[in-house]
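The letters A, B, C and D name the chains in turn, as written, and every chain counts its residues from 1.
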Amino acid sequence: MHTVGFIGLGAMGAPMAENVNGAGYPLIVYNRTRSRTEPFAERGERVADSPCEVAQASDVVIVMVTDDEALEAVLEGEEGILAGLTDGTIVLQMSTVTPAGTEAAAEAVRDVGGRYVDAPVSGTVGPAEEGTLTVLAAGPDDLLGEVEGILAAIGEPIVDCGAVGDGARMKLFVNLLLGDMMGAFAEALAFGTAQGLDYEGMLTVVEAGAVDSPLFSIKGENIAADDFEPRFPVDLQFKDLRYAVEEANDEGVPLPQTAAARETFSAARGMGHGGEDMAAVVKFFEQVAGLSVGDSSES
Amino acid sequence: MHTVGFIGLGAMGAPMAENVNGAGYPLIVYNRTRSRTEPFAERGERVADSPCEVAQASDVVIVMVTDDEALEAVLEGEEGILAGLTDGTIVLQMSTVTPAGTEAAAEAVRDVGGRYVDAPVSGTVGPAEEGTLTVLAAGPDDLLGEVEGILAAIGEPIVDCGAVGDGARMKLFVNLLLGDMMGAFAEALAFGTAQGLDYEGMLTVVEAGAVDSPLFSIKGENIAADDFEPRFPVDLQFKDLRYAVEEANDEGVPLPQTAAARETFSAARGMGHGGEDMAAVVKFFEQVAGLSVGDSSES
Amino acid sequence: MHTVGFIGLGAMGAPMAENVNGAGYPLIVYNRTRSRTEPFAERGERVADSPCEVAQASDVVIVMVTDDEALEAVLEGEEGILAGLTDGTIVLQMSTVTPAGTEAAAEAVRDVGGRYVDAPVSGTVGPAEEGTLTVLAAGPDDLLGEVEGILAAIGEPIVDCGAVGDGARMKLFVNLLLGDMMGAFAEALAFGTAQGLDYEGMLTVVEAGAVDSPLFSIKGENIAADDFEPRFPVDLQFKDLRYAVEEANDEGVPLPQTAAARETFSAARGMGHGGEDMAAVVKFFEQVAGLSVGDSSES
Amino acid sequence: MHTVGFIGLGAMGAPMAENVNGAGYPLIVYNRTRSRTEPFAERGERVADSPCEVAQASDVVIVMVTDDEALEAVLEGEEGILAGLTDGTIVLQMSTVTPAGTEAAAEAVRDVGGRYVDAPVSGTVGPAEEGTLTVLAAGPDDLLGEVEGILAAIGEPIVDCGAVGDGARMKLFVNLLLGDMMGAFAEALAFGTAQGLDYEGMLTVVEAGAVDSPLFSIKGENIAADDFEPRFPVDLQFKDLRYAVEEANDEGVPLPQTAAARETFSAARGMGHGGEDMAAVVKFFEQVAGLSVGDSSES
């Protein structure tokens, strides 16, 4: 069985690594903040001092870091992956990065004889723990076949998105829709609240109709509970909307609703809610219109 | 068992009336175009020559017509419901009308000694046939209790929305969200298509994630099949977005995404797609950006 | 010389009436709040007790009231203009009303044998006092010729807009542009302020370029002076944007920027600035982004 | 009198260089496409083979190139300005570049002992020929004083915008407003045309009111003449709107109208009008709504 290196044991990475390990793969892990490796050490898994060391000891190196810059750093930094990569080793890139970022990483990996899979995931901490993330896999078919067992430990379904870069593009596609839906839901709730509708009644009607969506059920409850702990913060959702509009602009595709959503998320950030969960975009409407959304007792 | 009058045997009304009849209620039906009453005559149900005649013979009169004007006509016209209403008869208004329209109708009904329930439905022809429409019931509790059996024959759940007028408001709330979601889905699909993503792959990713929704599954398939037969046409969805923004403006609630969606639907109408299904809003993006959304063979 | 009746001596109407009088026309005036007629009584002009009395005594009756409802009231109310109109008397309608409102008024006037000119004005109190309002004249050429001297006393240029109704449409056209420009100016100033640019420097650059406009010079100074006394309040500008989008929707013309401006003005109203001058739309941006626009000492 | 180097003899640069020369300054010019230097050679001015040669022979080096990349190339390329810069020589940067681009250039110039002025211009070819560009000057006061005579030959007014970088920021501020106004004008004209208003009448009303602006007079005539020769093309205006929204997003300032304008310009590009003058944004509305804007004969 392949030895799997895992770099990046954050809120998402740690449970993903656990699931890979739970499926029987021996691990060698690395994290910048070393304390996050302790649970793995306690289970008897190996802890490395650098991405380079991980690369030297692995058949497949999973990277799960925050953004393009972090990916470049763990790859190309001193003591980086590239410095330790053995011929034929697979870098399985699962972070949310830009198409350009993942394409550049793929080229760098191939230049030193490695192989590369672009496979970001869609989902939050819950699905990461349950092993039910959507895996947006992109790369040559034989390579996808080779890492299939590992991916299956992390999520389901595994969607074949095409060539390297298309995983990142698919992630942007779904997050564009996610941001637009969150913004639209906030508008609808503000509208209904202003009209005096009962909050629980609104959620019931949404769940009973064609517009029903897990997103609305989860965020609807969070708003009612005044719980804005950041599962996916306004700042990150905003970044994705921003990036999606940029890419669309390059393609000559107008996105008027997405552009409007982006400005609403921007306003929510301007009002100080950037670090809260994306559902906090509703606070923009509450503050502008003097509403208390989610407060059933009030209506 | 109550005798139920049913006025308005259109695409929605006819299956609703059948379900009421199927639950054991004897019917007396009326439709402006008389041919639509034939299936009911064949089943042995009574056919009336006017709304007035329906009102005279019924304990509960269901009205399922197209808009405020039609509602006013069947109520207040010569040979209208009001002319035949017996003391205590219930008018069960289920059409999609404005809050002001249903409130005015309620007042007119009460003025002649009738009772009034505001209960529009959310859903399309499929759920109407299956008896699974969402019923947005509003009115006094005892009245809702009295018509419960009839409503249960038509749909599930029956959501208690509050006082007369709130059923219409709830309908507007959910249709605002519906329009925003359809517009957002069209933008996302145009974006993904322009990026070269596979259409089936996009649908799979949507269905696997928090953004999953019956709307996206249905409209996603329709677009792929180039099927824009109007289940709910662009013109009607546009009308609801327009009306929602108007109402929100009266309440001081800004709706930037909804306003953008409204203009996109307006553009789709300007381009000649008003009579097609709401999913045809995607054609705006196709025509502007020279894309063919839903054509998997092309990507 | 024609005797001119003048109904509506508000902030705009009073100086307009004075200019008509100053050009040599004898007046008979009416105002709901009678105290506003006193300056005219003191000059020896006749004061009427009702619109009807004005109509009986005039060759031309100018109406300058607030909206469609007020126009309908002075025309069709008991003691209204129609009750006193002599055959061939001209009603010169100069209020800002809807196309439908002015068309209905024209029909009512013609039904009793009167003649009708649709001639709203563009401009604020300053131009009203100076007799430099833009007159948006619409109606048959011979009628426009007959009232030319009166219109010339009120403003310049007198633009021939076409048939009755087109004056109102032209007013909406120019106020749509006005609202969009005010909103765009507020965005630009918020942008520049956030970037640390000097406020006076921004105004200088605007005045030196192709974007120069009297609007920006006036509102730029008002914002610097924190002067939001309502020359044209947010509420009225909002109403015009709202109405313009409605009309455009009827014509199948999308107006995405205007729709966005409308929502920004809506937000400014939601935040409590509806009664302030339209320049107060800048406060929306100040409050969202924590800026102080117009404060040169700060930058 | 200072010897002035001039790098970049494009449509804007050539007349600017002529005006500097006309004010008495001896020139040494460089252009990538050498043919553009011929008129200067014919007048007896010196032509250099490289930016380096220009720098060696000048007291002040004006750079007027297309974008950040071109600026970096003429500065830091082999045979670039930095390679020939003498201690104390002034680089007078007048291209439209980003704040970050001009700040990086300033640092590079200072690193080799040079001095740096950030002075982009606002205006098109006409004002460039007439020496009436608005100069957005930024840098230390003593330096601005030293180049005052040169700047005065190029334009008027010379607005002191602050520190290096603020010239670029001011340019973005005014171009944001320019794009929003052009988009708003297109919407207003489409609206009026759809309502049947006479095109010349609309222009007259605009010119008579608070919304009057040189931009509207020029573009109004261009549209009537069906003249979309690119003075400032859709592509460049779009780029500025795009960049402005990006910068505003970094500052937490929402720009809903500008974002909507950006998508309209994006749509105009998608429809193939990117290379035409910015006024061609009106074609988006014409194509969507089936209108012919500017065609007075039609109305």
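Throughout what follows, a contact is a pair of C-beta atoms (placed from the backbone, for glycine too) under 8 Å apart; a residue touches a chain by one contact, two chains touch by 3 or more.
Worth saying up front: this structure is predicted, and the values here are computed from it rather than measured.
Colleague: Computing the C-alpha centre of each chain, which chain sits at the greatest distance from subunit D?
Modeller: Farthest by centroid: B.
Colleague: Tell me which of B-D and A-D has more C-beta pairs in contact.
Modeller: Counting C-beta pairs in contact, A-D comes out ahead.
Colleague: What is the distance in Å between the mean C-alpha positions of subunit C and subunit D?
Modeller: Inter-chain centre distance comes to 37 Å.
Colleague: Please tell me the distance, in whole Å, between the geometric centres of subunit B and subunit D computed from their C-alpha atoms.
Modeller: 53
Colleague: Roughly how many whole angstrom separate the Cα centroids of subunit A and subunit D?
Modeller: The separation of the two C-alpha centroids amounts to 40 Å.
Colleague: Would you mind listing the residues of subunit D that make contact with two or more other chains?
Modeller: 248, 252-256, 259-260, 263-264, 267, 270, 288-290
Colleague: Could you list, by residue number, the parts of subunit B that touch subunit C in their complex?
Modeller: That would be residues 238, 242, 246, 248-249, 252-256, 259-260, 262-264, 266-267, 269-270 of subunit B.
Colleague: Within their complex, state which residues of subunit B touch subunit D.
Modeller: That would be residues 256, 260, 267, 270-271, 284, 288-290 of subunit B.
Colleague: Taking the touch rule as given, give the residues of subunit A at its contact with subunit B in the complex, in rising order.
Modeller: 99, 122-124, 134, 136, 157, 159-162, 166, 169-170, 172-174, 176-178, 180-181, 183-185, 187-188, 190-192, 194-198, 201-202, 204-206, 208-215, 218, 244, 247-248, 251-261, 263-264, 285, 288-291
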